[in-house]
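To keep things simple, chains are lettered A, B, C, D, E and F as they appear, and every chain counts its residues starting from 1.
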Amino acid sequence: MPQLTHLDDTGAARMVDVGDKAETAREAVASAAVAMRPETLALLLAGGHKKGDVFAVARVAGIQAAKKCSDLIPLCHPLMLNAVEVGFECDESRGVVEVVASCRVSGKTGVEMEALTAAAVAALTIYDMCKAVDRGMEIQAVRLLEKRGGKSGAWQREGGD
Amino acid sequence: MPQLTHLDDTGAARMVDVGDKAETAREAVASAAVAMRPETLALLLAGGHKKGDVFAVARVAGIQAAKKCSDLIPLCHPLMLNAVEVGFECDESRGVVEVVASCRVSGKTGVEMEALTAAAVAALTIYDMCKAVDRGMEIQAVRLLEKRGGKSGAWQREGGD
Amino acid sequence: MPQLTHLDDTGAARMVDVGDKAETAREAVASAAVAMRPETLALLLAGGHKKGDVFAVARVAGIQAAKKCSDLIPLCHPLMLNAVEVGFECDESRGVVEVVASCRVSGKTGVEMEALTAAAVAALTIYDMCKAVDRGMEIQAVRLLEKRGGKSGAWQREGGD
Amino acid sequence: MPQLTHLDDTGAARMVDVGDKAETAREAVASAAVAMRPETLALLLAGGHKKGDVFAVARVAGIQAAKKCSDLIPLCHPLMLNAVEVGFECDESRGVVEVVASCRVSGKTGVEMEALTAAAVAALTIYDMCKAVDRGMEIQAVRLLEKRGGKSGAWQREGGD
Amino acid sequence: MPQLTHLDDTGAARMVDVGDKAETAREAVASAAVAMRPETLALLLAGGHKKGDVFAVARVAGIQAAKKCSDLIPLCHPLMLNAVEVGFECDESRGVVEVVASCRVSGKTGVEMEALTAAAVAALTIYDMCKAVDRGMEIQAVRLLEKRGGKSGAWQREGGD
Amino acid sequence: MPQLTHLDDTGAARMVDVGDKAETAREAVASAAVAMRPETLALLLAGGHKKGDVFAVARVAGIQAAKKCSDLIPLCHPLMLNAVEVGFECDESRGVVEVVASCRVSGKTGVEMEALTAAAVAALTIYDMCKAVDRGMEIQAVRLLEKRGGKSGAWQREGGD
């Protein structure tokens, strides 16, 4: 039967020991979608300059959040990220901004939480900048798309949406 | 035409000036849902002890994240939260943990981002603790449920899902 | 029967709501003692220059820790300290450095935890700087000496040691 | 004779008590200059997209640093900034990027350090992004331009450079 | 004659160079005791649910503090912890909660400060949650129990209390 | 033609991938100068005790800032510093305090930004402690003096001032 490794035999939380794990190249890609009214997205995309700054701010927020992951998620291990990238794709007709974040590390634990945190915080940052005009926005589908490296090897989300 | 207040006339991001706003009692409630396989949720709920710690860890993570909001979301104002609460509700048949976070402040800006950040980080923490057994989990519907206080007054999400 | 206010009726932790509390002038004084071998303390006190820097580093650590209190202690409220002071007194014959920290705020919650955290972290910093020569040091009696302000009013530790 | 208020009578550092100060509207404007080779600045300005992101990243870094000021500068008081703005002006012939940061607060202490920290960190961020092509860059003239509010009233830098 | 390695020849503090040290498996175990009135501890232990959350919150606080150690203790090196565990033992008749924290790392410096910081902050968190009913509590005997690894090898506290 | 590596082909910022870089011993030395009125510096230097604490506080601030570098400068990689030193030299006739900071690491990226950040924050801390008596102070010449290690090898600033 599978076990929740973050709990010891008595049910107490712990930062699991990764001391015996090998240091390997690991990567994770995660995404999140910000669903808003199409007119909100149109406003966001109006004007080349403005577009630059909105997504640039969200990108920085996502990158910084990846580095703060072990401070945010209590049982995450601190690690030294080799790379973080955060990108955006807009579907204007549906009013959706898709955030994709990827993290890479040479380490003893995976970077799924770093990628998910980066995607979630970048999405929250977009929400913050648009909330004055569209309070009903929703962040959807914060999820892992793929991971590579480590003992459990590669994993890829099936299908799609 | 509505404007994105976080951008100045040239499109540059800024932390908007709230100096002229009145200090009022404000509250916001936000939620997020962690969708997992029903058997993952069953595992999470097996054993009274374990249940306690898993949700307790996620609750602390959410409360702490509310306090870190202005460090995570670049254009958010620092503020002195009066109260933060994070609760969980489990739908075992659907395999869903619903996170509800509420924040209160006497201040010049609202606490929507604090509540949303608390809900999102608590959800990410649950993901972290279960990911070894269910990598395909998804965080859904991070969204504001209601807000009170401030010039824009009360707001409540319509309908439901 | 008294209650632990940081827990709600179901036993879940929360940051209690201080929204209805009055903003008053509050102060707290706390202390901690670092017990070491007398020869370690002699080494620490040897040379005017060195003494300056060791205690200066510990003092800064204590002041900074007071400001980080709500980030360290999960259910503490963020607050805007008006003043922090950290002092040291050495009992060379017993090999004890006594740390005294005081914090003041105009706020809705007391600053006991800020003062205790400042004292504890200043003491840990002294431990850190001496540990290479005396690993058996011990931090003793981290405790509140007095507090003023707030609904519960003034409190002073009885007796002494 | 003037005194360094951050030191007590024994020369020990302290966070000075601002409890008796009035809460007034305060503002500070500070600047910093990044001097680089003109061809480095040309590279920085080449392409509309790129320009957007470089300065947007530095702007976010400056805004975030203003909020972290009391964590960086040991004797600074925590405060709740009402507004932060960071702007850039480029002198292409001299190869200089001027950073101007302004902060506002309703509080008991001034925001000079917040504005100076924002300008310095935004300048360091530009250095970081250009260092691979121009290691000899220099950050010059980190200084206060003006301040308003508080007991000491308004102050403005004389002359110019 | 022994030396305080955190000070250079002029008495100035420094983060000592560990660049030439070997990266070895290191572990440290530290403890702290929270002494309270027996009736306070009885209150803390009343009800299975409540017990879960109080100690769970303190455990998370301790684990997070271990990761923040280099930010709290000025001359500590940042390091990537492999594991952190925090446990509690209650002596109901004496009114004492004993906190034991252990940290492990593969690194160039030991993790004594991380373990001590985790124990101290977990103890402070228990103080925080009980202070409304028992202001006179005291944190005692924050100390290293044992360490392993590194050039100085294994060390174990003699005797006991 | 040289490129700004922190931007991808579309001009978006990223934390560049250092996964393929070798882990080598790296060092960087940076400086900053705080220019003040000679009488301000005289005040700063008056009294042996006082001098100790002012520079000790600034030194701690610089050391701590080096460790926070990846949190301050958005595209910097987190890294585990092996050593940080911050020193001061005073030119009383010119009224200048020169700050020199050096950082060392065994890592995949250089430590220029860490050294520059340490120098800048130590300088800002001196400004903070003297600003009540000399608001016109200026931080000048924040710059890299030399670096060693990594693929680009050694670099030394030419000439001097």
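Methods note: a residue touches a chain if its C-beta (ideal position, glycine included) is under 8 Å from a C-beta of that chain, and two chains touch if they have at least 3 such contacts.
According to UniProt, the chain labels map to these proteins: A, B, C, D, E, F = Cyclic pyranopterin monophosphate synthase.
What you see is a predicted model; the values in this text were computed from it and never measured.
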| item | value |
| --- | --- |
| Reaching subunit C from subunit B through chains that touch each other, fewest steps | 1 |
| Contact network partition after subunit D is left out of the picture | one piece |
| Taking each chain's C-alpha mean as its centre, the one farthest from subunit E | D |
| Angle of the C-alpha superposing rotation, subunit E to subunit F, to the nearest 5 degrees | 120 |
| Between A-F and B-E, the pair joined by more C-beta contacts | A-F |
| Interface copy of B-C among C-D, D-F or B-E, judged by whether over half of the contact pairs recur | C-D |
| Cα-centroid distance, subunit A relative to subunit B, in whole angstrom | 16 |
| Whole-Å gap between the CA centroids of subunit C and subunit F | 31 |
| Contacts with 2+ other chains: residues of subunit F | 12-13, 49, 52-53, 56-57, 59-61, 64, 68, 71, 74-75, 78-80 |
| Interchain contacts (touch definition) - all pairs | A-B, A-D, A-E, A-F, B-C, B-D, B-E, C-D, C-E, C-F, D-F, E-F |
| Interface residues, subunit A side, partner subunit D - complex | 48-49, 52-53, 56-57, 59-61, 64 |
| Subunit B to subunit D touching residues, read off their complex | 8, 12-19, 70-71, 74-75, 77-80, 107-108 |
| Partner subunit A, residues of subunit B touching it in the complex | 1-7, 10-13, 32, 43-44, 47, 49-54, 56-57, 60-61, 64-65, 68, 71-76, 112-113, 116-117, 120-121, 123-125, 127-133, 135-144, 147, 155, 157-158 |
| In the complex, subunit B residues that touch subunit C | 25, 55-56, 59-60, 63-64, 67-68, 78-87, 104-106 |
